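Chain nomenclature is as follows: A, B, C and D, assigned in order of appearance, with residue numbering initiated at 1 for each chain independently.
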Amino acid sequence: MSGYFKELISGTKSLFIGLGITGKYFFEPVVTLQYPHEYLEMTPRYRGHIELIPDEETGEPKCVACGMCEKGCPSGCISVKGEKRKGVKGKVLTKYILNFTTCSLCGQCVESCKFDALRFSLDYNLASQRKEDFIYDLIKRLKEKS
Amino acid sequence: MLLARIKEALSSLYEDIQEIQEAPEAAEAAEEVETAAADAAPAEDAQPEESPAEQKESDSEEASEEAEEPPAPPGPRETDYKTKGYHLDAALPPEKVVAAAEILSQQGFFIEAITGVDWIDEQQLEVVYDFNHFDELCRVVIRSRLDRNEPEIPTISHIYQGANWHERETHDFFGIIFTGHPNLEPLLLPEDADFHPLLKDFKA
Amino acid sequence: MNGLLQQDLNQETFTINLGPQHPATHGVLRVKLVMDGEYIVEAEPVLGYIHRMHEKMGENRTWAKFLPNCGRMDYLCALSYNHGYVAAIERAAGIEVPERAEYIRVITVELNRISSHLLWFGAFVLDLGGFTPLLYAFDDREQILDLLESVTGSRLTYCYFRFGGVYNDIDDSFITGTREFIKRLRERLPMYDALVTKNIILIKRLKDIGPISKDMARRYGATGPVARGSGINFDVRKHEPYSVYSEFDFDIPVYEEGDSMARYMVRMKEMEQSMRIIEQALDKLPEGDIQPKKAVKMVKPEKGDYYHAVEAARGSFGVRLVSNGTNTAYRLKLRSPTYSNLSLFGEATKGMLLPDALALMGSLDLVIPEIDR
Amino acid sequence: MPEPFRVILFIIFVMAFAGLNAAYLVWCERKGAGHIQRRIGPKEVGPYGLLQPIADGIKLMTKQLFLPKGVDPILFMVAPLMVMVPAIMSFCVIPFSEIFVAREINIGLLMIFAFASVNVLGLLLGSWGSANKYAVIAGARCVSQNVAYEIPMLITTITMVMVTNTMNLNEIVRLQDGWFWHWYVFRLDISLLMPVAFLIFFVCSLAETNRAPFDMAEAESELIAGTYTEYPGMGFGVFFMGEYANIVIGCALTTILFLGGWQSPIPLDFSGFLGVIWGLFWFLLKLYALIFTVIWIRWTYPRTQFYELLNLSWKVLIPFSLFNLILTALQIKIFPWL
């Protein structure tokens, strides 16, 4: 019998304590970010989709189309094309397509790049209703950006 | 302590194997390759015909020359935990697996996983049981080789109920039939799946 | 009269499909329940709705290319899976890991464990009908995700560990941020305690509900908090210390009762222990490289089979790999803890009421992609 | 004002009140839940999301009224109304202010309880008619829950009737005039257990209206949506309105019985139109404070287990309310001058 009352009292008390806690939070400021109206800056290491790094002088991509990223990609979502040009050492990048629909954002492409020509973009507002919008032409994106 | 105890207990399972095993081993002493298949082979001794076993061995001869499997010792083998991750490795013929599971259960082991390996070059399937102990670190691996065309092995799901799902999974992936299993239906694969994706000759 | 019900009226029992789309199954698990009124006569989980055959993928791609897959199984404690996989290959290929990298691994994995437990805590109380603790737990969890994002670059599927080390080094802001977070969580845990743990309704719903005996846990191979809630002192971090866990002083919370409350308490206490580990690791964090001096390029483990287990948030995650000496796995078996933990659901729920069974299911902490793989 | 005209006017008022109330209680609930959970809640539709209920209403109304296969069409369609209509009927006897009441009848209390018990029938028929196993489980729970909680609620009500000697709600409120310590919840001189009786009554009304933590009928994490699982569009909407109307009835009754109804806490009375507004103001203030508590409770606690719910009723609420009944009877007998 005493256990019954003890439980009753402690139980009721616990219920009021719970109400107290939620009541306290009711008057505290909200912690959420109102997303479409407010944005967060991504941290510098954020792994978004990849983008080409331009050469500081020429503004052209630093990529030499060696194809290491293509080879290292687990999902096979990168395709690189380059061509030999006279007077230029190595190959010149002609096409860099990232199929973002299959990309798993693992970052192995950036890691495998020996020429420091790839980095992660900090874009994260990527939404579209069409699949084609996620086949990125990175050279075009680079030009648009600059 | 536990390791020694379980090793001794498991060794008892090998007593009659050695006797049977010596005969074919002596006959084929010239052959340098005697894979763990030999462990499975005596299991079929009970069957009247020897021909499939022989044929299989001749098949695997060329293949296993490349594979270069070390000869399986008759009895549980202690392994280096640091490099391998387990302590005891016991290759057993399929019909001994239940007895081994009983021994392990008595010693308080729990089942970690059951899985298969497809040794297509040797036309064999291997079932691998991982056991571990809650109190003392001692991981025991029981493995058993089966004929790839007729992969059958008795279930241990009556000893370890947890094996039920692991066996179903192994059946899904390899088509290994666990005889006596209460409900050997596809678990992870669709209900009507008639393929076994982890077989090496499976192409999606 | 409606036919559907009339049909069942003639039977003593009826069958009910819990899932694959059901609020309590956290994903796409289906449980076939044979019910007698609200009592469960038989429960049979049906799996495989998001089965992706990771093991086959492991056989088809190089060791390194499988790394991103790890985070896609247990997405709530992705780093543990990452850790288990790289550790197995390090064992197989004999790769030495610099000490600093090991420390970083421990710190991030423990943070990840806390975040996983926090999410479980919220989702579990949500299963029991309390919505608000979920949001509070998310508030805390976001802090961890921010911290981990600043290091790994990702919030959920980290893919942070590499063979022989980690991908990025941690910086001072991470260290101070982590310390601040620990301080914050230490203040928040008593709040959770008062709001949820001590709440009489929750106690009534969990105490003595869904007991799992020691023997049952053993027969089903249950590990992690499920086993520890049944009085089994088994934690891979202590049992077969991998990485640098042997250098830290922490306890394994073990509760003897075996009921849902015990499993709940184990996880709540584990968060505290994880914080202890992180603090010690931050104090002891050595300087040095985060990758081996000789860069690991092509991994080709020696022929043979290897096993490595780590303690993921939900139990012992094991990787059994069979190598044939090439740069891809011959066989890659991933032993997921919840697969075993869930397998006892059928036996444990016999004769139980539906809401109790759901409380039990919640206390098992299911992550369906991990079960289905 | 001629009587029929007054009643029609009042019915229109009640309908509008019930509808708007349901709509805006949803908004309140979402806002309240939001702030308890440290987020904002609805905010996109209109200022502070104030148009959100209207958007929701339009959404629900434009949805197809789909009859799932195997349902009993009549029961399925009638059930929501059986929850909604009695709740609206109950409004007729609620005194919003001294003269602001559709019908002041001398068995008002009895009438509310009579209509309140139809509610559960609606839920049961709806769950049975929708031919869904989850719904049937919810319906069965609902009935046993309502039966269990009707008892302590009625015992407490009997105690109150014993104290007031009337079932006229307006009369009960009039008896509590003066300072706020004249409200029955504070009248320890009538019964020492009065605050407890208030708690019991409040908890019972929570359970009767199937609100968290007693929302066995919905139990979204167990029974998907319980009784409402199969209901599309406005069918669900009407259930929802009925539920909120029931909450208002429950809270209004608690206010009237224990918190002095439209009486202001200080003896300050106005006459005429100002008096109506003054009474209305205090009544609604107390009513919405109670409703806020209901919302607050919902977003704080987990759901009770079903047998714990029954245990609470049979082992705690009923003994205490019986004890209260006896104690009150004794106190009235021994100190008849009170």
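As a working rule, a residue touches a chain if its C-beta (ideal position, glycine included) is under 8 Å from a C-beta of that chain, and two chains touch if they have at least 3 such contacts.
All of these numbers come straight from a predicted model, not from anything done at the bench.
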Discussion item. Which chains sit in contact with both members of the pair chain C and chain D?
Written reply: A
Practice prompt. Could you see whether B-C or A-C has the larger number of C-beta contact pairs?
Written response: B-C
Worksheet, complete the sentence: chain B to chain C, mean C-alpha position gap in Å, rounds to 30
Response to the item:
Averaging C-alpha coordinates per chain, one finds the centres of chain A and chain B separated by a number of Å equal to 45
Worksheet, complete the sentence: chain A and chain C have mean C-alpha positions lying a whole-number Å distance apart equal to 24
Worksheet item: Measuring from the mean C-alpha position of chain B to the mean C-alpha position of chain D, what distance in angstrom results?
Response: 67
Response to the item:
Going by residue number, chain A touches two or more other chains at 15, 18, 21-22, 25, 31
Discussion item. If I count partner chains per residue in chain C, which residues reach a count of at least 2?
Written reply: 132, 136, 139, 195-196, 199, 201
Worksheet item: How is the touch graph of the chains shaped: line, ring, star, complete or other?
Response: other
Fill in: Contacting residues of chain C [partner chain D, same complex]
1-5, 8, 14, 16, 22-24, 37-38, 125-132, 135-136, 139, 195-196, 199, 201-202, 204-205, 353-356, 358
Worksheet item: Hey, which residues of chain A end up touching chain D in the complex?
Response: 4, 8, 15, 18-19, 21-23, 25-32, 34
Worksheet item: In the complex formed with chain B, which residues of chain C make contact?
Response: 47-48, 51, 53, 55-56, 59, 88, 91, 94, 217-223, 227, 232-234, 239-240, 304-309, 316, 318, 320, 322, 330-331, 333, 335, 339-340, 343-344, 347, 372-373
Worksheet item: Where on chain C does chain A make contact in their complex?
Response: 61, 64-69, 72, 132, 136, 139, 146, 149-154, 157, 159, 167-168, 191, 194-196, 198-201
Response to the item:
Residue set of chain A touching chain C in the complex reads 7, 10-12, 14-15, 17-18, 21-22, 25, 31, 43, 45-47, 72-75, 104-108, 111, 120
